[in-house]
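What follows is a pair of complexes built around subunit A, which joins subunit B in one and subunit C in the other.
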Partner chain A sequence: MDTRLNELTDRRETVNKWLERYGVRFGIYKNNVFKEQLFPFDPVPRIITKTDWEYLEQGLRQRVTALNKFLWDIYHDKNIIRDSVVPEEFVYASKGYMPECEGVDPKGGVYAHISGIDLVEGKNGQWYVLEDNLRIPSGASYPMIAREITRKVSPKTFADNAVAENRGYADLLRQMMTDMTVGNGIAVILTPGRYNSAYFEHSYLAEKTGAVLAYPGELIVENNVVYYTGIENKLNRVGCIYRRVSDEYLDPMVFEASSLLGIPNVMQAYKAGNVALINALGNGVADDKGIYYFVPKMVEYYLHEKPVLQNAPTYLPYFKEDYDYILANINNLVIKDVSEAGGYGVVFGRDLSEDKIKELKNLIISEPRRWIAQEVIDFKDLEILEDGQLIERKADLRAFVVSGNETKVWKSGLTRFSRNPASFVVNSSQGGGFKDTWVMLE
Partner chain B sequence: MSSYLYNYQTVVTFSMPVRQHAVMLRCQPAENGVQTVVQEHVTMPDNYQFCPGHDAFSNRILYGGIMRPHSAFVYVSTGIVRRDLDTYDSDCGFLPVYSLPSQLTGINSEMKDFALSAKTAGGNTAEILCEKVFNMMRYAPETTTVITKAEDVFSLRCGVCQDYAHLMTALCRAAGISARYVNGFVEGTGQTHAWVEVFDGRRWLGYDPTHNRTAQKGYVKIAHGRDANDCPVNRGIFYGNAVQTTQISVTLQEL
Partner chain C sequence: MVKSTIISTAKANSLYWLGRYEERVYMTLHLFRKCYDRMIDGNPDDYSHFRNNLDTKGKYSGNGEFVFGMLYDEDNESSVISAQNKAMDNAILLRDLIMSETLSYLEMSVSRLRHCRESQEANVTCLQPVIDWSLAFWGSAEQRLRNHTALNIMMTGRNIENLDIQIRFGYSFERVRLAFDSLTRYNDQETNIFDGNTAAIIDSLIVKDKFNLNDISYKNELLTRVNKLTLF
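So, the complex of A and B:
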């Protein structure tokens, strides 16, 4: 056992050293100061059995298919509102709803080309979806490069274990971009630049997929067509933009006027069907924390199937019954602000003082639409290596689902863990670490 | 029925040449069953590329730009528009959106009380709010900016037509009335103007809180939206260190 621990400790040091050399970093804004930090790698992989994976794969495909149908419906016929499955105000009051996307037809009806679905496994072996990320889910590059390095450091590991290959992510992305591309144009990845928290990932994915890494100002629109000007100022037609710039900064002519990260008039080119945007605009309306509650209902509504994956038990103060339950049980619940992301705006009732509880209750009473409450799930802890010992920590799994002509699940994922033993929040913006995710072939 | 001759001219000058200048303009009268454009002509600099289109709120847009360095941008929109005084726009699209606060038309509890007191006063709530806004405000250019929010206007109690319109729009929505922000031309010579349209259950009615009157005779609409951010008459972005100066002049004359 000791030799194994020593070996793991060595491996951790080596892999982290390589990650550092490759510049694998995660940027964080804290008090308005940009700080880059390493995203620490833990050498003990998360192992997902073949049976578990088949279940997850089926559930993830089903969920993302329903979410794509929901997005199409919201920006077209709105049947789900008319049939009173989702209340109107949850859609129109959502920050992610964009009137500009009404009637726009993304190719194949696909809105969420890349979805990052966050799951946790309960102690009882039951998986729960915690969050759908349908805008710009990041993180796939970290397990990719960590596996790449581990393979070099310890080739034997993958010879001895029947682990599904994870290099396929680049192929999934490339195929999806090819499926979506318009007018024989090139595929580009638009990065806000090196001060973005996921800049390493942008450059890594560009390298792995063969797409051009484009910076703000290098993409222009002329007569409703997008061109890349980065090569000797020549105009290269662009057919597909995997943009890592959020909706509100993507077109200063339509959204945030002061944005220098966007492409002026790209919205018009997109509306005209002359360029694909990966992911589509307006997806925020489907990954809103308030809309999350309705996702299992969407599966039944659009697909006429029972949802395979479960949500964490969730309550909406908007509904009278839930409202009463939340106010009575707030100490046992986790309360989330629907307008926040990245692990911010999440509070556990049990951690709050009496005054803070009162404050929170008043906030819920005055703005019920702004909050959701969830039961605290008893996560299954995962082992991590610390000071030569294996200790247990909270962890989640971000699974990546890629939708082009077909919807496919990447046989790996990003497992993040919290280093702080008391913390249930495992978001990388909050300074956790990550480990490889092994999907077993047998 | 009245007919108007309009002439709308914008001169943008840069203190030094700029490049990659992209623009989106709303400079043509709306066509909506109430207004009919009888004749129109838009003059653009030769080297600018433009496409016509519609934005999310069905407003007419012209968008495009120029890549090469240049230091001025001038455009003129002229024509004749006929306005039917007995018909109203009854388009019900986006009604839920026009009932909710937007970026520039948020409300606070004080505004909510203010709006509700107008509602309980009896009579036509929109008309009462139009008058209240007119009475509480002082017209004062340069006290606000294009991104001043209704909440701030409510406490400042001064501003220009955009601020009057935002405040009235926010208050109407707080009182449960769907309302939208409108910009366009008003009879006479001056700048572009802004006012409000409220939905009475069947149709959109125009109110001008800057002048405390209905916005009907003597008004030509260009565009509408949730607030001014949705329908600026001119939005542009360029590369360069230049200081931009914009001069707008509008003439609207009944024929």
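So, the complex of A and C:
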């Protein structure tokens, strides 16, 4: 480990006390019981060189720009289907495709205002995109507050290392919300409530951006305009909703009728162009694990550029050639269920018994559209500190891209690591921890 | 970005109860320290006065159990830890208004109470930081809460709780009158959260020639009115 990090790692306990002081937690449900726990923080940061960052920044901006164009196209002209770049089955069979969004015009043509792109670095130094998260990507608040705290606890570390500032994430969000706001209304962050796993993040981002943290029932729609309701029935017009409620629960009049988390008739206000929804509805069609395969093709199709970032080598059983390859090489591949998220529905062929392999093959044969297969990438492990010893663990990087009038990449990101030495799964819901991500200035 | 000028009913409710519960933490500890001091070398039943005034539901046999129960028993609604948990439950919904710095004093108090409970710490001095952080919480809230309506609602909760406890513990006329006058400062035109009739009745009750907290029916009426002063 770099000796310039000694002071910070020596003060790990102090950092943890500060994290507790600020209530930096995430919630999980176990056996239907809600529990909050601290998100384990490792003080050894992921360090990204200036050169690597310039490459990532360029690639991320390019990728998100193409994904936004794809979303516009899918809900309008559908040229990419007509030109046979993406098969229509992958669009219309996707759980994330929402026919209700056909023809809706989000301001500036932006659908994915906040994109969380998950990447890994291979041992050969090559970065690969593992997943695009374009609905409600979470996690930015953790490196934000970790940086705030580590700078307090070990100022020398930051005096000795030229690290790009990351506390401007709230400014990026604020600017984007200002760009997107309609009708001089206020900006709100709509949370499902304190028992949501990411509630800390919702409330922290509201504080840092100056947006109002709104709870279900506090927003109403009258004459296709959204209002935040106050005491004595005072109303503030809402121009922009950064909603942390899933698409299907957002408007009980259109989607899940039993939802108590949404805003009745918000879809009408959105369709009328009277409020911005951040992120837009219907984005799930673009971050579907099946659609992921086509993202490099989208870059070429919409931008006429070579994709800067690579996907992990991926196979779709939908294509005959890939189907044969997957069935022949299943033991060496990682198989993902496209309808699952959060690290669920991911299996490594090498970990399965003969019977389980047979079962999985049958599932692939019967529902080829439901699965993708990827080569197992030999991740570069990152050092973490455990019981005073440095050990290596699998880790990924979630980079955040914010799109308003411009598309900007946040110079940081959430690095999640697996605490289990045998596991590649880094999700916090499955026991993973997090690190700060340092982008070096020189 | 355009800022909201209003606060929702649910947040107003949380602000009010945050004010009440946090003041309850402070006042309970303050009064408990006096009771604790008397019990050091006094009558074994010296805590009963304190217990009766708080209507505590906890059934404790003897000083030791009482001390531990009043501080750390989460099943006892009058315990310090219960009030602190409830203050936190309300505050956690208000981070965007009161800010993380303010909230952090409550996080630390909850953590301290749990730590002292786990280490079976019966000496009330171990909870001095909870008193310090309570005062720091109020200072930070006044400094950071830019929305005056929100601040007024929270301070109303705080002052109603203070008045309630003073009445329960038989404070003097001067102290109770002063507490009521302090409370009315927070009912400005804009906030308008008091019930006017109730405020007038309380005003007429806390006068020198009527004031008598030894009269149970007078005391109960005053407490009932105070607790109906706002709509929260």
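Keep this in mind: the second predicted complex is superposed on the first by the 426 of 442 C-alpha atoms of A that agree within 3 Å, B and C clash if a C-alpha of one lies under 4 Å from a C-alpha of the other, contacts with A are read in each partner's own complex, and residues count from 1 in each chain.
Assume contacts are C-beta pairs under 8 Å (C-beta built on N, C-alpha and C of every residue); 3 or more make two chains touch, one makes a residue touch a chain.
Small disclaimer: the values here were computed from a predicted structure and weren't measured.
Novice: Please indicate which partner A:217 is in contact with in the superposed arrangement: first for subunit B, second for subunit C, both, or neither.
Specialist: So A:217 meets both subunit B and subunit C here.
Novice: After lining up the shared chain so the two structures overlap, which partner does A:231 touch, if you call subunit B first and subunit C second: first, second, both or neither?
Specialist: In the superposed model, A:231 contacts subunit C only, not subunit B.
Novice: A:250 contacts which: subunit B (first), subunit C (second), both, neither?
Specialist: After superposition on chain A, A:250 lies in contact with neither partner.
Novice: Now for A:20: first (subunit B), second (subunit C), both, or neither, which partner does it touch?
Specialist: Touch partner of A:20: subunit C, not subunit B.
Novice: If you tally the residues of subunit A touched by each partner, is the higher count for subunit B or for subunit C?
Specialist: Of subunit B and subunit C, more residues of subunit A lie in contact with C.
Novice: Where does A:265 make contact in the superposed view: on subunit B (first), on subunit C (second), on both, or on neither?
Specialist: first
Novice: I'd like to know which partner A:110 touches here: subunit B for first, subunit C for second, both or neither.
Specialist: In the superposition, A:110 touches no partner, neither subunit B nor subunit C.
Novice: For A:92, decide between first (touching subunit B), second (touching subunit C), both and neither.
Specialist: First partner only.
Novice: For A:372, decide between first (touching subunit B), second (touching subunit C), both and neither.
Specialist: neither
Novice: Touching subunit B in one complex and subunit C in the other: list those residues of subunit A.
Specialist: Comparing the two interfaces on subunit A, one with subunit B and one with subunit C, the shared residues are 217.
Novice: For a test of understanding, state which residues of subunit B touch subunit A in their complex under the given definition.
Specialist: 20, 22-24, 49, 51, 53, 55-57, 63-65, 67, 94, 96-97, 100, 226, 229, 232, 235, 237, 239
Novice: Where on subunit C is subunit A touching in the complex?
Specialist: Per the stated touch rule, the residues are 1-10, 12, 92-93, 95-96, 99-100, 103-104, 107-108, 111, 149, 192-193.
Novice: Spell out the part of subunit A that touches subunit B in their complex, as residue ranges.
Specialist: Touching subunit B: residues 88-89, 92-93, 98-102, 217, 220-224, 252-254, 257, 260, 264-265, 268, 271 of subunit A.
Novice: So in the complex, the part of subunit A that touches subunit C is made up of which residues?
Specialist: On the subunit A side, the touching residues are 20-23, 174, 177-178, 181, 184-189, 194, 203-204, 206-207, 209-215, 217-218, 228-232, 234-236, 239.
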